[in-house]
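The following pair of complexes shares a single chain, subunit A, combined with subunit B in the former and subunit C in the latter.
Our next item is the complex of A and B:
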């Protein structure tokens, strides 16, 4: 194996000591020309799109709104793949996101159109940058909620939550965990269609017979190594702090779909409260806030919690009464809404409602029935993203001066870029 | 097409001892050589079998899209391994891949010093990975025959009965046929379920195992209980392809 046969690369030719006879000899200029003009039939150039402006910061890069040059009415969102560690090649996290997005095709999941590359030229040392290209969505939920002029009727809220749960039902049926539920990752098109977005932390999971996900699975009496799967322990450093469920805060590594449903509950409550309901500034404070809302975390309400890694290390407020309905009724008013939230914000992940159960809740099947958001959104011609919302951004940044950012972090990427949100 | 599979050919005593091949002397051989290189390096690296299968599939798909003469097949093989490790969440360290690949190509040589040659090779692998992904449209998910094979075998365990199941290594042979079939790019041409069945059939024939309660006739075959869409001639075709793979093996005796 020798290096100078891969011609799609910057060449360090002079020192190659390979002894293959079939190496191709080209001058430096010829090589550059070769790279510049190399034709990738399945990977178009980003120049087919024209950037409009920046709309956000994803797990591994910036996101831009862009116009399709061949169809000026069509807009896309372009998410840059950060290649922070060039020596390790394409980031495994980005690859995971791409594979998951290729698998998930659903009305309520953001649609990946293609992956584009920038032209390799001397300006980028003959190395392309990659962009994921998505269908453009006009708003994100955090942006909409931070705008006081946007008012949701009960029917419209039902439609949002229903679509959110529909999306979760779909991804969980496909054995994918989102792991980063929050209002800013819930996109809404101008026609009122909700799309789950940012699968930068998403992962596949497996379920064994007892329904507990992510445990060692297949060990059949077939003496072939072929059929054994690897035990993988997930990191618990996922999900933005304010939306992080108690089991992750207590160090659970064998978690599953309930982590996303906790987030869905937080988002649902936010539809009325208009700001995240539990804004802790540390994992400890987040657990305190959760205990104050959902009651004390004890082995009585949550059998097995005492075995979690951090159960003894964290300070857990005792004798707290569960006040989910009590605290939220002033905002929600609708008793069905309170009841559904009460079933989503459950401490014990095994008792937390799953997406299917939640979708069957009376909340969605009583008057006023879920109704289309398109008409309401038609009153707002301005795109609303959390990233662009001055009030919400400023508020969060002020908070950030005195405390760590409530961002998602994953231990596997050391060169992790904090997001603006 | 032959209507008998010559299982004797498979059983013929091949020299058991595997003599290390000198890869530098081998031709591309329709993808067999880089596949063999992938399996040798991957096993040395302790990669999972599905990682190896993914790697071979990525490599074969790449060479379907390009002119193999333009690329160093061992570079592409090493890069496919690196990429497959990421795809299967079975990460292989690039440093390990370089050392193993280098030592497999230049047997007996000492590991590369950290120097120009090492960095060139590392850069080449990383850049080839990006090249492969673009050529494959970033579609690196594969549906493997393995999961189907597992289920078919699991059902057969009860069908054959514990005693006979334990007396013949049907599962092991089936899995071996499946893994070895990844040396041939024709693995890309067939439905994964069909491949799983054909490998099991071959194993059954090798060991002369008859499944109880089933008469293999023209319109009824053992695998009809699992799949309905595999015509007999296609079944034979895949079995022959699996066997042909063994003929491509360089003569090392």
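Our next item is the complex of A and C:
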């Protein structure tokens, strides 16, 4: 490191040093030259990778598959940090994602390898573009589920859901909320390892802002009411509409890990239905769909719901019976699966199962036991990403159907800004 | 991959020193930049963690770049700007610049150039690359509170001691201690110092076992008395330095006069020997035992405070003057909760946080592919066929 550094200094010393007393600050030219030639020891150039093709659109930038030039068998995913319209420099959302990814190191969380930069030059006004570089995962769950040739056995479904909950258990233990659970954000490697991805909307939910990263796994009282007293007021405009829990739709701002568990329930059901179970096209309709599945939203089943900001403003269907098991049984023959879903798709966030409880459910501990996905996936040599699916369809014929699924609501509520608290 | 800790020899061969800036001047530049971060941050009601994070970025930045290449006050603003975002207490760049400007002379502010905001924005990318995107920084404060909760004794005295230690931690930001030692060790050392000065002797603590000789043995290992005293000296030496106003200003500031300006003279020799702060040939890493003078070294060898250590109250003034009022002095921390800290006080979020979303498509209207009713149409039977689109079969 030191040697790199001193070499760099030699490079620019001709222009900048010279007479000590003479050199005030660098001139613009000198500074540009300095930026162009300084070899940042901790931030490699993107040119060490070679782009293969675009595989997705994250919450703050495009994602590419790329090859490591020094090891052609190694593939990575590169996510561009969009900074074009940033009046306040490097986006706070990107900083959050980086910080959170640096903290989270777990088998079931996508691994951030490094952050790369493009060469600063005249062409980019001496401002580098940054990319987050991740281990490459071959598939995402939405892509897999949309391919009928991909068939999951019950044991394989259990493995997927178990890994999903394991990932959530880990991130919640580290006091991080994902806030954007959906099938497209669940990656699966060709060996069948599940990775939670896209922490672009994730947040720490502890008020302990003393900078203490909670590196050790601490069991949290996730299901006790006092838990909520420590949560700051967040924006409720998170989570893609179809996976958004009722508390967010009703304007709750003091929410916590249960928001991710609702999404996990939706994703779990999707393992059988193969498509999102509640495809509302407005917040109102989403609430209607939820009521039709989970029963009417009332203070009887959910004490305190009447105090939520939008409880009186939204039209909530009355006298709806809870039909979770009834409507899902045709898809899910397994009674344990139905029962677990019944505990995840619970209206009252305080009564919703947390990741730990869900992982202890009989579903995972009865035959057929969770089993490895690697073998099944070995039959599929092509990457399956949701992002790639519509364009393929468009290429065939059903152009009118190629509309993408909705993304996170911050997208829809144009002009809305995430409140920092 | 290096960590962010350096020995004293490395701290003397920085880019600035290789650029012809002598050690004392560099230390002064570091102090002045750190102070601007603290003063600007305090004025904007930023929390102590935000300011401390900004200062640590600042010190790390100058391990890779010279003060001649990057004028210190611009860098200071940039570090505070980034730290604000990282610590979830964001402030607008223009507001930080405005506040800093109110604290600087016009001459010093001239280093921000014609477009100060542009200057800070360009620098932010350089800063991020330099610090390896290592955004999360820990500070001694949290350890101070953690340790204090374990100490037994007179509550009032303990609180006074913690408050004094807190002030020392604030002041330690003006040194390069954060580049030398982990926050745990700095916290122990400065609590040790505060204990000595406030005459609070820790004789018992929660969790004590027979193998613990000192209370900190519970928390840190292999910390020698030499190390603790070296850390204390580095902080105490701040108070014995001569007024910075009497020293010639740095080259980066003297854009007009600079041509005739000789290199800064070292006028900061202090009564208790500034040189002692750094002994380049003898860096004491935690694990290496330096020849032990421990037995014959008096327990409290600070010449600066001859006679009885001054009462806490008298500390507030000398420290507050150069440092700006430390947040804790105004409202002392108590041991049950964190000190007046950073309640999340944000006036307005940056306006463009989600701007990139604005043009995204409207909500998806569910499409029902032929032959597969959506899951939720009334009384839907289980579809024979999933209604997601098919991939073309692999060829």
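The working rule: the second predicted complex is superposed on the first by the 330 of 421 C-alpha atoms of A that agree within 3 Å, B and C clash if a C-alpha of one lies under 4 Å from a C-alpha of the other, contacts with A are read in each partner's own complex, and residues count from 1 in each chain.
Methods note: contacts are C-beta pairs under 8 Å (C-beta built on N, C-alpha and C of every residue); 3 or more make two chains touch, one makes a residue touch a chain.
What you see is a predicted model, and the numbers here were worked out from it, not measured in a lab.
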In the superposed arrangement, which partner chain does A:98 touch: subunit B (first), subunit C (second), both, or neither? both
I'd like to know which partner A:282 touches here: subunit B for first, subunit C for second, both or neither. second
Contact-wise, after the overlay, does A:86 reach subunit B, subunit C, both or neither (first, second, both, neither)? both
A:145 contacts which: subunit B (first), subunit C (second), both, neither? second
Of the two partners subunit B and subunit C, more of subunit A gets touched by chain C
Common interface positions of subunit A, toward subunit B and toward subunit C: 1, 5-6, 9, 16-17, 20, 22, 24, 40, 42-43, 86-90, 92, 95, 98-99, 102-103, 115, 117, 127-128, 232
Subunit A residues touching subunit C - in the complex, by the definition given at the top: 1, 5-6, 9, 16-17, 20-26, 31, 34-35, 38, 40-43, 59-61, 82, 85-93, 95, 98-99, 102-103, 115, 117, 120, 126-128, 130, 145-149, 204, 207, 209-213, 232, 241, 273-282, 289, 292-293, 330-331, 380-382, 384, 389-390, 392-393, 396, 398, 401, 403-408, 410-412, 414-421
Flag every residue of subunit B that touches subunit A in the complex, lowest number first. 24, 48-50, 69-72, 74-75, 78, 82-83, 86-87, 89-91, 94, 101-102, 105, 116-117, 119-131, 133-141, 146, 150, 153-154, 157, 171-172, 175, 178-179
Can you tell me which positions in subunit A touch subunit B when the two form their complex? 1-10, 12, 15-17, 20, 22, 24, 40, 42-43, 86-90, 92, 95-96, 98-99, 102-103, 115, 117, 127-128, 218, 220-227, 230, 232
Quick check on the complex: what are the subunit C residues that touch subunit A? 1-2, 15, 18-20, 47, 49, 53, 64-66, 68-71, 81-82, 85-88, 90, 92-93, 111, 113, 120-122, 124-126, 128-139, 141-142, 145, 251-252, 254-255, 258-263, 338, 341-342, 344, 346, 349-367, 369, 374-376, 381-382, 385-394
